Amino acid sequence: QDPITEVKIGIELGFTGPLESIVPAMAAGAELAIAEVNTAGTLLGGATVTTARADSTCTDAGAASAAAEGLVTGEMVDAIMGADCSGVTSAILQNVARPNGIVMISPSATSPALSDAEDDGLFFRTAPSDARQGVVMTDVLMDREITNVALTYTNNDYGKGLADAFQAAFEAAGGTVTISAAHEDGKGDYSSEVAALAAAGGDVLVVAGYTDQGGKGIIQNALDTGAFDTFVLPDGMVGQQLVDDIGEGLTGSFGQFPGTDSAGAETFQAMATEAGFDGTGAFAGESYDAAALIMLAMEAAGSNESAVFKDHVMDVANAPGTEIFPGELAKAIELLKAGEDIDYVGATAVELIGNGESAGNYREIEIRDGAIETVGYR
Amino acid sequence: MEFLNGLVFLTNFVVVPALAYGAQLAIGALGVTLVYAILRFSNFAHGDTMAFGTAVTIKVTALLVALGITLGPLPTALLALPVGIAATMLLVLGTDWLVYKFYRVQRAKPVILVIVSLGVMFVLNGVTRVFIGVGDIQFADGARFVLTVQQFKDATGLDEGLAIRTTQAITLVTAAVTVAALFWFLNRTRTGKSMRAFSDNEDLALLSGIDPNRVVRVTWLIVAALATIAGVLYGLDKSFKAFTYFQLLLPIFAAAIVGGIGNPVGAIAGGFLIAFAEVTVTYPLKKVLTYWLPDSMAPDGLVQLLSGDYKFAVSFMILLIVLLFRPTGLFKGQSI
Amino acid sequence: MIVVENMVKAFGGFHAVDGASLTITEGSITGLIGPNGAGKTTLFNVIAGVLQPTSGTVTMQGQDITGLPPHALFHRGLLRTFQIAHEFPSMTCRENLMMVPGSQSGESLWNTWFGRKRIADEERALRARADEVLDFLTVSHLADHKAGQISGGQKKLLELGRTMMVDAKIVFLDEVGAGVNRTLLNTIGDAIIRLNKERGYTFVVIEHDMDFIGRLCDPVICMAEGRVLAQGTLAEIKANEQVIEAYLGTGLKNKDQVAGA
Amino acid sequence: MTDSLRTGLFAAFVAGLIIATGALDNWNLALVILNYGLISAIMALGVNLQWGLAGLFNVGIMGFVALGGLASVLISMPPVAAAWTAGGLRTLAGLAIGAVAIVALTAVYRRMAAGKARTIVMLALTVAGFFAFRTVFDGGVAAIEAVNPSLTGYLGGANFGGDAGRDWWWMPIIAWPVGGLLAAGAAWAIGKVALGLRSDYLAIATLGIAEIIIAVIKNENWLSRGVLNVTGLPRPVPYETDLQADPAFVARAADLGFDATLASTLWVKLLYAGLFATFLIVLLFLAQRALHSPWGRMMRAIRDNEVAAEAMGKDVTRRHLQVFVIGSAICGLAGAMMTTLDGQMTPAGYQPLRFTFLVWVMVIVGGSGNNFGAVLGGLLIWWLWVAVGEYGPDLMIWVTSALSEDSTLRAGLVDSAPQMRYIVMGTVLLMILRFSPRGILPER
Amino acid sequence: MSDSPYQDDRGNKDRSITRAGGGGTSQHKPSGGTARPAPGTPFLIGEAMTGGYGKGPDILHACTIAVEPGEIAVIVGPNGAGKSTAMKAMFGMLDVRSGRVMLDGEDITALSPQDRVVKGMGFVPQTHNIFATMTVEENLEMGAFIRRDDFHDTMTQVYDLFPILKEKRLQPAGQLSGGQRQQVAVGRALMTKPKVLMLDEPTAGVSPIVMDELFDRIIEVARTGIPILMVEQNARQALEIADKAYVLVQGANAHTGTGRELLADPDVRRSFLGG
């Protein structure tokens, strides 16, 4: 058999559209992992990894499918890192990835519906399903003896899914959700949302949104008007940028995001800063991990054929094996080459369960003195 | 006391924000309405013109701050605003010369111009993003509040607080000044009247010795100024993001139309109507009623007129209701 | 044939038509004159269903037609022309005429798909009729011209031609003469008389040209300030003091001074 | 140049673009573009009927497309039995109460004389009706949405074919015309109230109505699963994976010299293309016949001068309603097709830029008032929309290849390539309008 | 209507009116009021004008029209003969392909319409001749747009001439009846205090009494030395007061003479005056 000289990974994210502001950091995260592997130059006995970007638009299933078609049948990519939004992700999966038998790892599609999607074993995600996070968030609140909360979520499958999961868990645990109100991203003015939330009242405000979208607008407005002073921040809301933007007011707010007791996140952030992008941006770490997993699975399988390496994704992601952190991809490749097992931890403590989604180990954080501090793990 | 608390609560969460938002919409809608009245088309590129002007202002603000020039308690962006306005003026004049003029000379149907403005919108959309990026940018500096919740509580001893942000105060003052200046200009000055004449009957304006090119130029200049001011005020009060400004187009159009498109008074009324409607229609009265009603009657539910889910659609529902009963808007607008 | 009773049409507080009552007899050519702003056009618009009356009634052949929409009135045989010609500019003159007849089977979508044969037959007949009308109006050479590109007077002829495509009962003409060359106006006048004689159309004619009114109309109604001021033959009207004062005037004062200069 | 020659050349050009995409890049992409292009062409045809023929400025296309999508879900998805037992009937009862209340209200409004009494009765009816409706309806909805919310939580559709509806593979095709009917129903109601408005007002009213329709689809989870999306819609064509597993198919593909994956993906797309093209051709045929008939002449007259048309006995309001309903129905049909092709319904994906303005661009560029123009414009603009996204970044890399590898300008430009889609779309639109202002195929 | 590919929607509907390069308002003040002919040529003359709309065919064929101070010149002719077109050509609203327009001895063929207004030409078009959404008073003010002096006297004069306008002073002109609008249009032109006044069918649609008034006023204006050029279909009355008259047929001069001469010409009477 000919040696493999080139591996091509498609990066399909919403470069335009509602998520366009967080996507550049995500793409940069994925490309960081790829650059790392290329620097090592040892993948599959010396193959170079190239990338091809495509625009998922986040919202338009038709355009996303066409773009994916271009990646898979035009650019002949071996795997896809993407997509970002759950809607287009499932469209690409069904319309392009499955028919062509191409592996897809999404860094940010968290809709519970994707857990049971028919995928022929081709689909994975480095973000956990929202169902799990709802339970974790309930625990965090209950431990702090907070039982009366207001809830707002971004009106998409992520926000709604998370809000529903949380509300169910929280009420089952005896808590009260005074109001569960959606907010639309891509607006600037959130005073009416905050007015409604304030009128309903609650000890804290749970904001299931994005750091640079409506979520931020809501927090800013709530602080300014004195509606709430403590916020609960799930994964989409945890980011240094938010802390920097809001400043003092966020002190004391808390939340959780995927992560284990590992140094991976900090390493990744340092690497990102070095590479010139914001490593704390939502799903940047997940993107790094998604790309890394694709390449490591290839190495483990000794092949860049999706049909072959799709069965190795879970192996490299999970224990047993040597733990692999960001910046150690070269080492991982060596280990795999040597026939050893690895346990990829990466930037977000990846642990794949079920049909190939992140297990949902969460890191509980609190904002103190303008920094995100870890207070525990769940 | 109870009553006062309720009142303050309502003011803090409804009146103040809606006033500021309404003022921003109103200035935006004024721009749309002027283009409509004088150049006769619905300018879909207006949102992106706002974004462009704001983007330039942001760049200049950054430069000023880097140079150590600030305005003390006021946002530095106010200092940069004239530059932003000037740049936007150049932009729209350039666009007019390059694009719109051709169709004006050809006397194209308004809908052609609408579609042309759609093309301009696409281009401008891209240009702005390439120029400043797609991210979220916060550029307000200086003092954040004129009055904070805590200050208010301390001063009055009430349970509820009232906050007024600097940007909200600036927005209202600027809006008032801008609108007054515009009205004075349109109704009192020769140039203003000639613009109205031109908007009414282009040929006859010509026969009265009015220079059409000058009218068009002045219109664009005013529109550029209005767009930049609206954009910067909005960005100061919230934050800047290219996509948000594109989205803003819908409420701005709704405001212009509700008021009666082509009618400046209507644009302002429309702006405030839409803003207040968005805040109040889905507003849960629970807490206010708890203050105002005797304890025994305090409500259990949220007491919402309309479920919050539909908040996004509220401005359009208002729009439809108004149009059904007054088909040309609140203040009679022009209709082609 | 048409009876208008106590018609009032107010714009805001201003009564453009203010209690006008008049009767139009079948088979007549009635002239309607009056100073500018007397409410003639407004009265037309109310009768023709373009405006809703504030109060008052209109009956046509004994049936109440107050407030019916224009298209319904058309089907009852009431047609009108416009003070400013309302042609269909992007259609040819022939098409302008062919579109007129109501209840063409080709106006139902279903028939356009499944009733081609019937439509073809109808179209042939319509076309023949349109050409006949164009001929009658001495403008057959314009049949394939776009109606937007013919001269003002020709547009007025076309307006009149449309009323001939169907068997109208009553036709309202609003200032057919304004801006039309007098020689052409005579042609139009002849056409009106022929229609009246040969086809029995009833006409109501608004016009400021007394010669034209004189040639065509009997009786003549004069309106002023929204009311009927006088009614009778043109000679009677011309002799009416009030009419002279409000409408006709007494001729030029300065004429001689200039002609001599 | 004669009209038919011009049409022929334009058609050849568009076909050439798609074929070139296939030949030079890849056939799968070309077929994807063709499929979505055919659907876009149908939408453009509908809008052209409204604008080109009747001068109705409808900017609410998105809403009708979304209704079509909803129909696709309601017809082609299997029903969720548990949800029906939990609260299906109660929800329907709630809706019935609401409908009765509205009927009663209109009856009171019509029958009773205006005055205080009527106002009071109407107010009382409104309040009572509203509360009755909410109590019954909300309970039902809550019950439905509680049924396995992460996967269903809605009533599902009417497809009783086993295996998640796949046995009744033809149901999606039924769903398409139903989508048209649903959109037509909505258009009728909207037209009844809004068609009296003039140009820009109608435009903005329809824009608003579209947003409201989307809001309903996004929030009424019991009906449409809202923002949680409905995925895995059955298809009227075989699944690629099934084909790949079918030895007969693999053998036949091998005979033709294709590998199974490629053959299956192409075959499925070709089948879709055939279905869509059939619908398009039938619609185009009907539209052409209508246009060149007394009906079309009447519509042109109405567009030219409504007042005169009204005076010539044409019921302008009724005709406007007719065209509005038909045009919207066509958009609904296309929307249902698109949802089937996507294999899922994503309410958040309905953005005015994509589903309203882009369609308008298609119509104007193609040539409003000309059915062929609209259809070809649909295909052309859709090709461009995809092609710019597809080839833009490559082009940018090529353009900037003169700059040094690590210049920040180059990096910046390459990064902003996706934004170029907007710039290029805008520029092309402006160019076409500049040099052929009535579109590429002007009316007559 | 022009054959522009865009379809027109407002104004007089010819693209040529806003032709490119129509310069800015020059600031020099019109002297207004009196006119004095340069020796040798008439005060205002369109000489051998040939031209048409846009890229369309020629409508005018070597058509000549002139008027002297204190004179009333009347153009008559069948519909579509090119009378309005000739007026527009003299006002610079369409390209004159050959021939020239002279005002007071100066060649103004290349000037834009606004510049001609500044030079003292006033024009009332046949249609669309008022600002419909502006009040009657604002309409008159716009007539005085290029005047920098106090124009209230002129306005009083106009109100004296058309008392109905004073009554409807604050009403939008678009709500007036056909004849009232015509009065506004003429009033607007008078506000310019023009050196030469051009009227395109000023009496179309006005009642006999107002028509007489209008003619009277036109005579008065002419008597002050301002040349007046008008198109009329009420030809008999117009010719009676005309010092000079032109009959146009198909864009060319068919007959020229004094008003009385033409009135007496049986050929002219039959073909153009309705017998």
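Details
Note that the chains take the letters A, B, C, D and E in the order they are written out, and that residue 1 is the start of every chain.
Quick note on the criterion: a contact is a pair of C-beta atoms (placed from the backbone, for glycine too) under 8 Å apart; a residue touches a chain by one contact, two chains touch by 3 or more.
Which protein is which chain? UniProt says B = Amino acid/amide ABC transporter membrane protein 1, HAAT family; C = Amino acid/amide ABC transporter ATP-binding protein 1, HAAT family; D = Amino acid/amide ABC transporter membrane protein 2, HAAT family; E = Amino acid/amide ABC transporter ATP-binding protein 2, HAAT family.
Everything numeric here is computed off the predicted structure, so don't read it as measured data.
With contact taken as defined at the outset, chain A and chain C are each touched by D.
Least step count on the touch graph, chain C to chain D: 1. Distances between chain centres, each the mean of the C-alpha atoms, put A farthest from chain E.
Chain D and chain E, compared by their mean Cα positions, are separated by 54 Å. As a whole-number value, the distance joining the C-alpha centres of chain B and chain E reads 45 Å.
Spacing of chain B relative to chain C, judged by their CA centroids, is 49 angstrom. A straight line joining the Cα centres of chain A and chain E is 75 Å long.
Looking at chain C, one finds that residues 89-90 touch two or more other chains. The set of chain A residues that touch two or more partner chains comprises 17, 20, 24, 155, 182. Looking at chain E, one finds that residues 5-7 touch two or more other chains. On chain D, the positions that touch chain C within their shared complex are 286, 289-290, 293-298, 300-301, 304-305, 307-316, 322, 326.
Remark: chain E residues 1, 3, 7, 70, 72, 77-80, 126-127, 164, 175-180, 182-183, 201, 204-213, 215-216, 219-220, 222-223, 233-237, 240-241, 243, 259-260, 270-275 touch chain C in the complex.
The touching residues of chain B, when paired with chain E in their complex, are 40, 103-110, 112, 190, 193-194, 196-197, 199-214, 334, 336.
Across the complex, chain D is touched by residues 48, 50, 69-71, 74-75, 79-80, 82, 86-91, 95-96, 98-100, 102, 104, 106-109, 111-113, 116, 119, 122-123, 162, 166 of chain C. Only residues 15-17, 20, 24, 53-55, 57, 59-63, 65-67, 69-70, 72-74, 85-88, 90-91, 94-95, 98-101, 111-113, 115-118, 120, 131, 155-157, 159-161, 164-165, 168, 182 of chain A touch chain D when the two sit together in their complex.
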